[in-house]
Amino acid sequence: MSSFIHPTALVSPQAHLGEEVYIGPYSIIHEQVEIGDYSRIGAYCEIGLPPGGHETFSASYPLKIGAHALIRSRCTLYAGSTIGARLECGHGAIIREESLIGENLRIGSGSIIEGHCQIGNYVRLQGNVQIGKGSLVDDFVWIFPNVVLTNDPHPPSPHLVGVTLKAYAVIGTASILLPGVTIGAHAVIGALSLVKSSIPEKMLAAGHPAKVICPAHHLRDYLNPGKRAYPWPENFDRGLPWENQAFQAWLAQLQESPTPEIKQTSP
Amino acid sequence: MSSFIHPTALVSPQAHLGEEVYIGPYSIIHEQVEIGDYSRIGAYCEIGLPPGGHETFSASYPLKIGAHALIRSRCTLYAGSTIGARLECGHGAIIREESLIGENLRIGSGSIIEGHCQIGNYVRLQGNVQIGKGSLVDDFVWIFPNVVLTNDPHPPSPHLVGVTLKAYAVIGTASILLPGVTIGAHAVIGALSLVKSSIPEKMLAAGHPAKVICPAHHLRDYLNPGKRAYPWPENFDRGLPWENQAFQAWLAQLQESPTPEIKQTSP
Amino acid sequence: MSSFIHPTALVSPQAHLGEEVYIGPYSIIHEQVEIGDYSRIGAYCEIGLPPGGHETFSASYPLKIGAHALIRSRCTLYAGSTIGARLECGHGAIIREESLIGENLRIGSGSIIEGHCQIGNYVRLQGNVQIGKGSLVDDFVWIFPNVVLTNDPHPPSPHLVGVTLKAYAVIGTASILLPGVTIGAHAVIGALSLVKSSIPEKMLAAGHPAKVICPAHHLRDYLNPGKRAYPWPENFDRGLPWENQAFQAWLAQLQESPTPEIKQTSP
């Protein structure tokens, strides 16, 4: 019922805050920002910054942030994107304009979504990830530290050719994805790989340049070599909709259901 | 005629602000800072920080920032550098002391210029680039995300051996340049390359370690394979002095002119 | 005798500040934080943030920071770690909870210690380094920009398998260390290496994947080829306990001494 706005925060009277929203010290909330119920915004955040620099501080279009957001200190979110419920940001993350972002995005400290991106549900970006303009990232994709999704085929050029990551794909630490590549569903890219061409679904690829090594399910579990390590949802469920349930059972249920259960998970 | 200083900003009375300068919320402008006309500084910036930590907040030497600067939120610029007109900074960029920086520098979010560097005109650094102390970067150089210009030949050592990037050179995403290498004019370094030795002008080099592959002009334009992709200025002019003009014509005109036109481009 | 707290800083009355502590503009010091004498904290720092997001701003356990700390602007230090004297942080560094950190740590701008780490004395991290949860880093280790110490053997998984870096080890720029590897004492890892297996002490390893190349002492000094470049402490002493003394003499003295001298170096 009651929100808390730190007395040092600068909140536009035109911003729409839901119920029980917390705004931390020295944060700035611009006009035309909508923040969903039970959201928490740490210190020094700037939310709803108009694109195109600081020419004007009147937002030309809204920023919508769903309920239960947890935005840690020093984040910068531009006006003009729509973000689903339960966004969780590390420190200093940046989300630029005109992106459409699903529910349960976790974006690590220092990571940047450049704008004009489409990001699915339950996507996880770890620290210092850079998602170039025009990228498409499906549900349940994991991206580890320092990965860059590029978009210029011969930089600098006027062309914009985004990367596509299909559902459940895993991109290992510090891998660089060149413009236009598609990583198939459940594919796994090893650390520090240079991905110059598309990788089929369910494959493990790695190297400089990345090459397909084997089906990802050939990898064994670290502690239990009798078990396969991939598809990863069989072994990992923390914070995911199949938590405390078998992934395959959840998946079967999802496919039978006329409306996708994923949209209905409670916090 | 009129500047705007947000009431929460801390601006030293000894700072010199030009006309129509905007200083955003919670920013700090130290003494002996000169900020040119029509400049805009976003929130949470600290401009003119004395080097050597926080031992003293009285600047020992000035920081000069030219007109039309656009410094986005959370940037840290130390005292003791000189920066030309139309500087454009992403969020959280850092520019250390004793650097001489030309006009129209664009430095992306999270990037760091370590100090004691010489940076030409129209240089573009994208996100999370690190330019080591003692680097030399000529006019029109492009550096893509996560590139590091190193400077220690066998770290940690007392030696400082900077990298030199000649005019129009392009350094692809996440490439690492080892101390002392020179990248020739119009040379192109592919993504995720480890550059251990100098690369001649106009060549494409890539790999781990980087090797010369072919003249860069052998690369074809992404959408029009009949056209060459490099030299890039033939295909790309956004925000550059040859905008809406053929690069070769601009170049010819520049070479005939007794004073370089590049210094005279209007905003 | 006298401390300085900027009037815009928010300092909990439950925080314990030593003598002559400086707290810069807009910084936040939470309760149960102990900051040692002569420490300086720049602008926009948040010190003692409770882990687990912003659910509560009452710290559940203390953050102890030793004397003579120099914490530059925009750093975030969580509650629940213990940090020795003479900590020196670049801008925007993050240190998470439950880490045990020795004396004289230098952590560069944008670097992140993820928490639950053990960091020795005189460790140096340069810019944008990421130290994964559960890492062990011994005394005098150097880590250069963009290095990542990972910890998940087949991500995402429930397993946590940290990296171990032994005393005096050197990790070159942008190298990625895979989970569970140990880098031996005085070993040197070249830039942009992918380290998939442990490296014995005193060896130089590099490449993708990293392989042992030769004993590190085969490398020659950049300016004096008659001298070996490694072990690096023979050639470099800035800010280290053997400053203005031969490393071997210091080491001999240390080994004879019943109490390690390293704990007794004065600032």
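By letter and in written order, the chains are A, B and C; residue numbering begins at 1 in each of them.
By our rule, contacts are C-beta pairs under 8 Å (C-beta built on N, C-alpha and C of every residue); 3 or more make two chains touch, one makes a residue touch a chain.
Since the structure is predicted, the reported quantities are computational estimates derived from the model, not experimental observations.
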{"item": "Chain contact topology (line, ring, star, complete or other)", "value": "complete"}
{"item": "Fraction-based call for chain B against chain A, same above half, different below", "value": "different"}
{"item": "Copies chain B and chain C - rotation angle from C-alpha fit, nearest 5 degrees", "value": "120"}
{"item": "Interchain centroid distance [CA atoms averaged], chain A/chain B, Å", "value": "29"}
{"item": "Residue list for chain A, restricted to those that touch at least two other chains", "value": "8, 26, 44, 74, 92, 110, 128, 146, 174, 192, 208"}
{"item": "Complex interface listing, chain C residues touching chain B", "value": "8, 22, 24-26, 40-44, 70, 72-74, 88, 91-92, 109-110, 124, 127-128, 142, 144-146, 170, 172-174, 191-192, 207-208, 219, 221-223, 229-230, 232, 235-236, 238"}
{"item": "In the complex with chain B, residue positions of chain A that touch it", "value": "8, 10, 26, 28, 44, 46, 49, 53-55, 74, 76, 92, 94, 110, 112, 128, 130, 146, 148, 150, 153-159, 161, 174, 176, 178, 192, 194, 208"}
